[in-house]
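Two complexes, one shared chain (subunit A), two partners (subunit B, subunit C).
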Partner chain A sequence: MAVDRRKVAVFSGAFVLRLLLVCLFPSLPDLLTGRVEVSTPVNSFKRLQEGLFLYIRNVSPYDGGVYHQAPLLLPLFALLPDVKSSPFPTAILYFLVDLLNAHALSTISESGQSVKSRLHSAMRKHIRWDGVSIAAWFLFNPFTIATCLARSTSVFTTTGILYAVSNAVEGNSINAILALGFASYLSLYPALLFLPLVLLCYDQQSQTSKTPSYAVYFLQHAAILLGSVGGLLGLSSIITGNLWEFISATYGFHLLVPDLTPNVGLWWYFFIEMFDSFREFFIGVFWLHLAAYVGGLTARMRSQPLFIITSLLGVFAVFKPYPSISDASLYFALLPLYRHLFPLMRYTFFAVAALLYSSLLGPAFYHLWIYAGSGNANFFYAITLVWSLGLSILLADSIFAALRDEWEQANPESQGQEVKQI
Partner chain B sequence: MTVPSILSLFLAIIVTLWISPVVSSPDYHEQLFLEPLPKSSLLASFNFRGNTSQQSFDNQHFRYFPRALGQILQHAHAKEVHLRFTTGRWDADSWGSRPWNGSKEGGTGVELWAWIDAPNDEEAFAKWITLTQSLSGLFCASMNFVDSTRTTRPVASFEPMGNHMGPNSLHLLHGTLPGEVVCTENLTPFLKLLPCKGKTGISTLFDGHKLFDAAWQSMSVDVQPICSAEGDCQVQIEQTVDMVLDIERSKRSRDDPIPRPLPNDQLVCDTSKPYNSEDTCYPLEKAADKAWSLNEVFGRTLNGICPLADSNEQSVCLRVPHEKSIFTTQGASEIKHDDGFTRCFSLPHSEPFDLSIPEQEVHTQVPIDEPVLHAERTIVGHGQERGGMRIIFGNPSDTAAVDFIYFESLPWFLRPYIHTLQATITGKDGVRREIPASDIVTDTYYRPAIDRERGTQLELALSVPAASTVTLTYDFEKAVLRYTEYPPDANRGFNVAPAVIRVLDGADAHPIYIRTTSLLLPLPTPDFSMPYNVIILTSTVIALAFGTIFNILVRRVVSAEEAALLNSQTFKARLVGKLVAIRDRFVKKETKVE
Partner chain C sequence: MALKSAIRNLRNNPHLLFVRLPNLLSFLCIIVGVVWLLLLPLNEYSRNTYISENALLPGQVHAYFTGSEQNIFRGYKQELEGLLNVGQKSEDGQDQVELTPVISNKIRSVFEASGLKVATQKYEYKSAGITHEGENTYGIIHAPRGDATEAIVLIATWKTANDELNLNGVTLALTLARYFKRWSLWSKDIIFLITPDSKSGTQAWVDAYHDLQPESVQPLPLKSGALQGAVAIEYPFDHRFKNLHIVYDGVNGQLPNLDLFNTAVAIAGGQMGIGSNLQEMWEHDDSYEARLQTMLRGMAKQGLGYATGAHSSFMPYHIDAITLQTKGEGWEDEMALGRTIESLCRSLNNLLEHLHQSFFFYLLMQSNRFVSIGTYLPSAMLIAGNFTIMAIALWMRTGYHEDAKSDMSSDSSQSKKKGSASVTSKSGKPVGLNGPAVAERLLALPLTLVTGLHLLGLVPLYIFNTIPHQFFTTATYIFVVVDIVLPLILAVLLSNGLGLSTPLVPQQYLLIKSFALLLLGLSLSTLATLNFSLSLTIGLLCAPLSFITRSDCSSNPQRFALSGLGLGLLNLLSPPAVLLGACQYTGVSVETVLTEAAYGWDVWGMWTQVVVWCVWWPAWLIGCVLLGSSIF
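Our next item is the complex of A and B:
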């Protein structure tokens, strides 16, 4: 089959490219692991190594300030050979995880959910990329490659989210919620995707079979999510022996943001400069702000649950406490599903220019601050502002395009006309 | 007075007379030891030791023991306390092994460790805080800043020096302040603890200007119980001051401290240099040691002996070859020891004493003890993001391996990655080889830091083979702090406490301690001038995103013509339209209700 051959070519090409990069530049993975744009305190591979070192020697890795990742990663990586002496098994594991993610993406794309769902059907269905192109776009995105080579553990969260969505579009609601439970267990914030994901499952299932009412369906799946997260937590407490210790070191760390290592997000510098008495208040405000998008988007765009998930992932890439470029790469992976919306977007050039500008100048300004000493923290901070601004413009613009598409569906006679919002 | 009462009084006197010699009478000793070191330095080591019986200590009957300190120790339930104030660096390459084998020495700044009697860890820590706060007041030092992040509980690096009897559950706590500047305000309370308070005896030589101008100085206070085999205990306080003075520098008068070059005719030039000429000179060091006297070096004369000390004591000792002639003031008697170098002086009771050594050439040299281990610790790497620690251990002995405990306590904002610990060894052949760290490290105790709660504690039991140099390295990351956590001079960097090395020498009862120098750790700094700007700018970006997205979400999409139509209406018409819409809504509701 022609399509399969293309897919094999793309997947093997991506694999070979990664392998070549690792073989030709053996110091590249360690270099990328040290970059603040790629590794944050909650996904850094170096911190995982330290946690693993303590775990193997029967010291609790959570009784310290370095390791803040999920306990289940420890026995998984303990199975792999030592990275220092044989880096390839670990690297190949990450390559395979990337390919898995790409496979899930192509499944999502081929389902056509992005253009036609139960309550919505886009006007420009013909403008779209097939699954292989979207997988290729994901696999050859430099942000994805950098994340993969840096062996950041957020790729596992990405896997959880993408499998949740791909199972949902195929109608396997239980598998979808279990995958979401896995992602939430790893990094907490994917739990916010629960609402749109349940809506997506509901839409898919009600097309094929009779489904119970919203409330019952919602409660059933909430129970599954709680059960899966609870099961994983139980397993973790067997591994670490102390439930509360690892919960406060992982989820407490996500929630309270005690580590202010620079990253591409907005939180770190804000909370460095925040007055002590207002710190807790603003942490609350920032989390509330992040959660507010769930309600707003779900209420307005009920007919396109997959689009809500995509937009929320964009929101997380900007506003979560420890964002890295891997979050942006996940958003960029899902955005091409809405290729049919691109003609409706207004500020594409500006957003793309801002993103390119900040991804090129970010490392330079970081170098000026930390190594050259000729710039100060404001240089890098300014770049993170531009990055966040670029992403949020892209986000707002895509939401506008989606709403306009909905409007055109309601008013087919006025397709292509100028619109305004009042 | 009744007969029984007289009898009991009599008995009491008898008992007192009988007991007192057994409990060994309270005593007090003081001694000054002087030794000229190479490079025109002079080691002056002062030692003051007083004993009090445990009984009178418990009854708050203080004679030689300072009351202020005694009450603090009783209040904090501290059974054994060691306090150190140190500045400068001991130059082991030229001066040899350390005085007292390093056991009376601290790391740069202030170091304090104590064995505290408490039922559990929490209470021990509470008492430790009491102790540090009180000592802080007593010694005018910032020991109140020894909080949980600067406190460790070493496992193998320290052993009690005293004899602890009874069923006490003792907790060892250790704290350091590497950034503390030791100066005269610490010397004055130190002198007040002495029975003669710096008025007579060898303590009259202490002059803050000279003491803290030394190349290296260390003040120590040790309190420990000393028990005999029968079980009688005494509480001993030992205070020492060790310093290495630069003789030439100390001899400069206080009124004119600016060093001046030697006049040309007094210069001794190295004539073998090719550029040596009338106006170009490579000055040679003089072969003979510099002439000096106590008065010149310390700026004061020694004012008799402390009347509380043993009057026959030889309280000043000097280690120079016997062939050197030395002049002292009248009334002092000199006793030469058999080792060929040491001579001691008994001082006149109430007259000033001075001692002077003229410049003279001698043929014998005082041998310098080679230290058993050389240790050096540095921070490597550049940039403010991450770095590495490098510790070099050199074993000078050609025959024996040296075993020791390496102890370091790191501040929490220095995050070590202990999995990166690597060892290299340079043997006799001079070839550098990488070896697994486990070949050198026999035992590890590691307690990682928790942000803002406690620091890292690392204790390694190491063994360095004969005639080799071992280098240990590990990576660390530097944390970014909140802007209120930086000191005013944030860009100077943060002090990292020196590492403590305890050499394990089974045969020797006295442990050998070596401390590395303290380190300066530069951290990345935010811009301190703009908290408001950052709050405003970040909030603007968030408001922009939130505003745009929710603006898009809550508004209705209409075509441009409709919008223009709506806009073209007059204000009045629009207002009326709105009102009509609101009315319609209500009417609709009413109809629904009906």
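Our next item is the complex of A and C:
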């Protein structure tokens, strides 16, 4: 197989850039690891270290109440040398994971699924970037770099999701569901992507071979997902020895949101303000809200399953319980696949400006709140609102553009006309 | 209806909408921002200061530091004088005092004799090829009514912020230590800190107090609780004084809680009858001019962000601190100063929680008048906003074909444009029914260029913080030359397309400007929340960048002349040129300023340079490149 020169250049460039950053600024990874924007209780590398410490000493990693990540990460990191004395092996593992993610992305892009699927074919197919450019957008995105340097464990979830999608667009439905199972096992919320992913697999497979009916296909794959997650849980219980303890410390932690450390999301402030008696109710409401998008988007955008997945990742980046910039970087990684929709989007510049403003003002206000003591929690929360607003505008705008694209296809005569809401 | 038709008119006239209107709006923002600032000293916009924290009760207690304590003071002073050999004046008229270990031991023994726990700390800093070293001595009075969880710091430095010998200040601290030790009413520990100089000693001590000291600084063997406040005493002459000068600026423009300042003013003026000055305004007649001048001096100090006294180092740790300096010839003696400090300590001792009630962001214009952040912030935000407005306008302008409005049959010119663009545009479809069409933007090169130039700012940042101090002046002049040449080289390269691609199209120049201004606006509005004055100053210095465009329409000689003139004027506003100009104006040598700046970077954690080299300089450079490119 001929190696693509550009791809090699982009990948090695990204690798060298990360290596340079680590070598030139040795304190940068630890600085980023401590930032609340990057590290949340469920993906923090510091907490992973704590869990690892307990695990190596044969104590249950969940005993300290600090570690809330999946147990299978522990044997993996136990193989690596100690981070304090030799940080490079761990760093390079993360660099490679980033490159793997980029490779999956370029596979997704090259399949052309974003512009032409079984039920839909975009109007402006010719406006698109190739796989290498999309990989470059992902690899040179500052949010991706920050996540990678901070050694946040969300990159593994990202890998799971991206490989699920890339296998799905290639028609390997079983691999796709296994990858999704891995991602869901790591951080629960990717399970919500199951429905659109199955649709994507179904569309791909029905183009090439004969497929069973929706219901049978769906049930088959649900069984695979359950099987894969079940298998991983079984392995985990062998490692920790106590199944229930680790489930309540990881998935319980995701579901019940007991840790209200500030992050870029909307939950922490809301639940700080909440009276305890309403807590359970609103946790239910918030989760329901998050899950509701799956049904709505799947029903409305049935013809473009990949777009549903992209949009859902955007929704998760805003509304999930412990979001960090790594979730946003995953959304930004998939968004360039819809390059052909950009001309139809109306508020890109404003959304991007809002995101830029909040990514500068966020750390400044956090500094004023925590270090200088001259601000308070509202400063930082206001900026997380702006951040979420920026993401929501981008999300809503891209969905608008996708719908407009569908509409133009249905009404070719009104192409290029301005739309008016009646 | 009229408004609706006005909007419709605007939409049908892209030139007005995208070129004239933003220029006007930006200009208006700058003017309003400046006028806003000038209005602040008026009675209608500023407020009288007041004490927010009721627990402080300034001046409500009787101060007993009188009478026999003066004899103690004299005794200590004589002992110290004997060790110091005061009187040996050097050529430049300053006291040359060598702080020998004997003096350190003496202070130690005085503290110990008064019943304090004493410890010392050695430190050493290296910056710009100069080594600063010394030894701090400090003693702690454990609170009879407290549990050692909170402490107040009293600082006396051997050298004041102006490098004078602070003999009276140190002696007063020793006398107060002996005096305070005998009171049973303290509920917070009191730490007496004697440091060799105002620049590095307190920094080393406070860093070590929080276990964040660098290698070259010893850790503290003795500690107390969380520091609630710090007061530095400076009394550098032998005669009686008239006024107290209160210094309050911290590193990076951080300010102490306004309550602390107010308490000091209230105690000095209300209880002791001592007037107080600020910002070296010795004659303040409360007129508009005097208020404005005080405010501007305060802003200059805040904007530069350097440490103005021994108290400044405490500010980054969220410890409110001020320096009291004695000034003028009058009838107040050291006992009056001692009583003021006693009363101030009693007030701080009353605090139930950390100072938080009053303002942290304020501009003072008289010892009893201030404006708070809500009133003054809009001026810097407007100036930062002007760049954002311009950036948005430019972005929208690049999305429209210049010729789209003129006629519908411009297909040929459009297809030509499409040919030059590497990405196909969607503008092939009919245009004109609903106004101009959306054009494809060529983002890659503008984005790379703007990012690259911002990263290039790290080079001068690194150079000016690492080279030895004797090269600073030369480096600055070299940099002036670099600033003249570099934009021209970049402009030539750009007009040749960097040797990679076709020459840049006008749209790309507009995009470069748009991104540069967006970043500038972004950084300045963020900065305005951290250091208002710095943001405002840089905003004003960058204001011309909003209005610079690359001209390629007028005839050749006129264009050359205009852009040449523009480049010349812009070069007067480049960071090194402004530095040289400011040094010329204030009469300080460039080397001193840059040595201080490097010292600030190495020791105080000052980041003014980062703003200068990574925000101001790249934006300025891009402005110059755009202007220069109209020559080629």
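The rule is simple: the second predicted complex is superposed on the first by the 416 of 422 C-alpha atoms of A that agree within 3 Å, B and C clash if a C-alpha of one lies under 4 Å from a C-alpha of the other, contacts with A are read in each partner's own complex, and residues count from 1 in each chain.
In this section, a residue touches a chain if its C-beta (ideal position, glycine included) is under 8 Å from a C-beta of that chain, and two chains touch if they have at least 3 such contacts.
Since the model is a prediction, treat every value here as computed from it, not as a measurement.
Undergrad: Which holds for A:Leu356: it touches subunit B only (first), subunit C only (second), both, or neither?
TA: Touch partner of A:Leu356: subunit C, not subunit B.
Undergrad: After superposition on the shared chain, which partner residues are touched by A:Tyr371: those of subunit B (first), subunit C (second), both, or neither?
TA: both
Undergrad: In the superposed arrangement, does A:Pro343 touch subunit B (first), subunit C (second), both or neither?
TA: A:Pro343 contacts subunit C only, not subunit B.
Undergrad: Report for A:Leu54: first if it touches subunit B alone, second if subunit C alone, otherwise both or neither.
TA: A:Leu54 contacts subunit B only, not subunit C.
Undergrad: Looking at A:Leu389 after the superposition, I want to know if it touches subunit B, subunit C, both of them or none. Which is it: first, second, both, neither?
TA: In the superposed model, A:Leu389 contacts subunit B only, not subunit C.
Undergrad: According to the contact criterion defined above, which of subunit B and subunit C contacts more residues of subunit A?
TA: B
Undergrad: So in the superposed three-chain picture, is A:Gln415 touching just subunit B, just subunit C, both, or none of them (first/second/both/neither)?
TA: second
Undergrad: Mind working out whether A:Arg124 is in touch with subunit B, subunit C, both or neither, as first, second, both or neither?
TA: It touches subunit C, and subunit B stays clear.
Undergrad: Between subunit B (first) and subunit C (second), which does A:Leu297 come into contact with in this model arrangement: first, second, both, or neither?
TA: First partner only.
Undergrad: Which subunit A residues come up in both lists, the one for subunit B and the one for subunit C?
TA: 371, 417-418
Undergrad: Considering only the defined contacts, which subunit C positions touch subunit A in the complex?
TA: By the definition above, subunit C touches subunit A via 254, 316, 318, 354, 356, 360-361, 388, 391-392, 395-396, 423-424, 426, 429-430, 433-434, 437-438, 440, 518, 522-523, 525-527, 529-530.
Undergrad: Contact residues on subunit A for subunit C in the complex?
TA: 124, 126-127, 343, 349-350, 353, 356-357, 360-361, 364-365, 367-368, 371-374, 415-418
Undergrad: In the complex of these two chains, what residues of subunit A are touching subunit B?
TA: Against subunit B, subunit A makes touches at 34, 36, 46, 49-50, 52-54, 59, 63-66, 258-262, 266, 268-276, 289, 292-293, 296-297, 300-301, 318-319, 369-371, 376-378, 381, 385, 388-389, 392-393, 395-396, 399-400, 403-404, 406-407, 411, 414, 417-422.
Undergrad: Which stretch or stretches of subunit B touch subunit A in the complex?
TA: Listed in rising order, the residues are 382-386, 412, 415, 417-419, 446-452, 479-484, 524-527, 530-531, 534-535, 537-538, 541-542, 544-546, 548-563, 566.
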